[in-house]
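One chain, chain A, links the two complexes that follow: it is found with chain B in the first and with chain C in the second.
== the complex of A and B ==
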């Protein structure tokens, strides 16, 4: 399994044709206390860059974009009852949705863990 | 991800200025944002934790961005009664009142606190006023235009302002200045701490008991340190200040109050005492009189929201197909444990418990008109 990162602070775990998407620990830290996550419906198809989800923190709403193109095959139902999972475990249990990847070549421009760490340090 | 942070809407094009406590906030771990023309702390450890701390203990807020003004000179009461719809002549020494500046059409230019001084605080000035930070220069311009030459207005821009708020605020401040224990809600007085003069009122904007403390910019760091060394006190940022005042049902100028809305519609008629309603003689009186008789076109109301999705400023409010209003403040309320909002709705849809819908990102969510405050006020009044 490989993990990729975007400059919009999303992480993507790719296993076969399925990509699990969430926001990074840095992102949740910036957003503060998360009180609601609006997830896409299963079966929705996204082009890379489409609005895919909305994270509501105490202070504001923020969009989450589809980091790659694909069809939503599963969403994290646990976030409905416990949106704060995104704060406590952003990069594991706080995942948002899973996509069936339509164009694996889109992963090529994304960062790996080391590159993302460097990117965050530069902010 | 992209944030659209409503706190930063008031960010101005001018370079942001530094508050006297700027370095102190950063040393305390604050995340700073631009607000009302200043670098200000939006949060330290997190909005939710800071909100809850203030409701249970005592929070220290730096509100030095607000405008602190004094007024003195012959005829100061009469002059201020032209500018303010509130009873100034009847304001006793060391008493404070909530008031507003209205324009000729009765629109709200700002909301403010006004108090009669006593003793020799602020060089013996007669009246002390605190106005909003984002509007202070406009307010000053408006008042200069309408005050007679005999009345001297002084903008104390070297003066800092701290708010200490929460159920343990009284006990905390009494630890430093025992005499403050005698103050009741909306009373004020001149105190001394380590030979520094402090003008303190028992008031605030969180719905909790607490104080607002005016102190010179050069001494404020010392006081902020002394307060935060107390076990009851932690520094609190703008984020929690906003969620606390929303739960308390208190309007925020520039959001819930603007020049487009009226005092009566805003449910601020309590600030216009009987004599002033009858006698008038203040700017904007015609609108107040008309709306007291006929009712306002729309009203500021509280909104209870079903589900977990917060409705925020700008969200349209519907009754069936008809748009009947707009949310002017909204968010998750940590003490309530649910989203709440404040908004303006047309009069026929503003009665308590009226079922409405709010549109959030194309979806309608169920809401109803709710009484405010959402969390009961706990001011310290006479027993």
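== the complex of A and C ==
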């Protein structure tokens, strides 16, 4: 399994043809207390860069983008009752949705852990 | 001579412990009165009206008869009056002090407006009255429409939209109708980061895909990025001018030309028209549609004080698609046109926005404001709005970070960031501190392009003395936040309620009142 990051602060784990997407720990810290997460419906298809989910904190509502193209096969229902999971465990239990990857070559432009750490440090 | 030796003291006695304020038995603090919810006071045995007892009849409802109480609060007239009067004293209002909310700001509502709006000839009309009996009201709508068209340099105006966002919807519906009429359905609306937050919401509500256009470091639309994105799928660009960074979009005309060359339309959010009224005509800048917030630029009440009103001025290209109805002058009488006509106006109307004609009560107030100022007075409105905002900006930019302070003078809004505050201190602490200082907080955390934004709009109706008071308060709070005064994190101390847990309120909102017995049973 390999983890990639976008410059919009999403992380994406790819295992075979299934990719798990969430927002990074840096993003949850910037957003503050998350109060609501709107997840996509299963079966929705996204192009890379489409608005895929909405995360609302006490400060603002923000879009979460699909880091790569694919079809939503599963969403993290736990976030609906407990959006605080995104704050407490953004990069594991606070995942948003799983995609069936359409085009794995889209992963090439994304960052790895080290590159993302460097990117965040530059902000 | 007799001497009164016993009695009340006439001079205050020294109190050694001034720091601790004793609690009161009632929870009241002198003129600050605690008030329970209306459901928690009174009883169903109490009532403000005297009704005869219902005759005793045998119920035929059977098992449909109500078993529980209906749950309405019962209060006497005096209890009702006191309840709402007490609540109103816990509220902040434009008649109490400065209301510096950028963009949604309230400014003074002149009492002359109120007097005119309450004249029985206007106030007591029914919207279905025969037109021959309401010629005066139709004349008011027509005259206000003429003023709005003249002040904006546009071709026509749709008077019916009921607020700013409703006006945005009207403009986009007209744009869509115009595009469909030429068989050119387009799917994307571009919204710069310096636009109002309602713009992307309106575009999405209309079924368009919204794409952001970045702002330049000096707080304006990135012209190159905008031009690069224009194409055959772009229906319109929504630009707020003056924008929500408080700056005038100087390149508006070249932007409009590029947008038109790409076959798209320019929507301008005119919420901030008070900063340019009498000085700039949006029609000259190539705008196709723009709403005007009568409740802002033309001083009608807003924010709980009254309904909004958002007439939309339209270019020649969009005029045939404007919503019905509209008022037309025919010889010496005024006619309310409610069906499509063959004339240029409304030849291909997209339909209706409202059941009747719009906010009549706001039309009378706005026209009163316009006529009492005159064209030269309106010009001064814009000058004073800009002068006041720049006075705030320059009186505070040594203690608060002004991210666009070097972009030149601001328009009607002064924008600050949280840069430079002590570790752990935020814009929220300053906003809560302002409550203790007796002011409504400014807009915070918007626009999103600025970290910890504080957006202050003083408006033209505040005096220098009032501005100086506000500046004094904000300077003191900025100083405390920079010095790391921990006490500020506990503000507000003097409001009816202390700082609320916004996270808990958003995560677990309690939206209805339930009787305590039921609530306990549910737990």
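What we mean here is this: the second predicted complex is superposed on the first by the 123 of 123 C-alpha atoms of A that agree within 3 Å, B and C clash if a C-alpha of one lies under 4 Å from a C-alpha of the other, contacts with A are read in each partner's own complex, and residues count from 1 in each chain.
Here is the rule we go by: a residue touches a chain if its C-beta (ideal position, glycine included) is under 8 Å from a C-beta of that chain, and two chains touch if they have at least 3 such contacts.
Keep in mind that this is a model prediction, so the values were computed, not measured.
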Per-residue touch tally on chain A - higher for chain B or for chain C: B
Which of chain B and chain C A:33 touches, first, second, both or neither: both
Touched partner set for A:41, first chain B, second chain C, both or neither: neither
Which of chain B and chain C A:123 touches, first, second, both or neither: neither
Partner chain(s) touched by A:114 [first = chain B, second = chain C, both, neither]: neither
Partner chain(s) touched by A:60 [first = chain B, second = chain C, both, neither]: both
Shared chain A contacts, counted only where both chain B and chain C touch the same residue: 33, 35-36, 56, 58-60, 83
Partner chain B, residues of chain A touching it in the complex: 8-10, 23, 27, 30-33, 35-36, 38, 54-65, 83
Residues of chain A touching chain C in the complex: 33, 35-36, 56, 58-60, 83-84
Chain A-touching residues of chain B, taken from the complex the two chains share: 1-7, 42-43, 46-49, 51, 239, 242-243, 308-310, 312, 331-332, 334, 339, 361
Touching residues (chain side chain C, partner chain A) in the complex: 445, 448, 502-503, 506-507
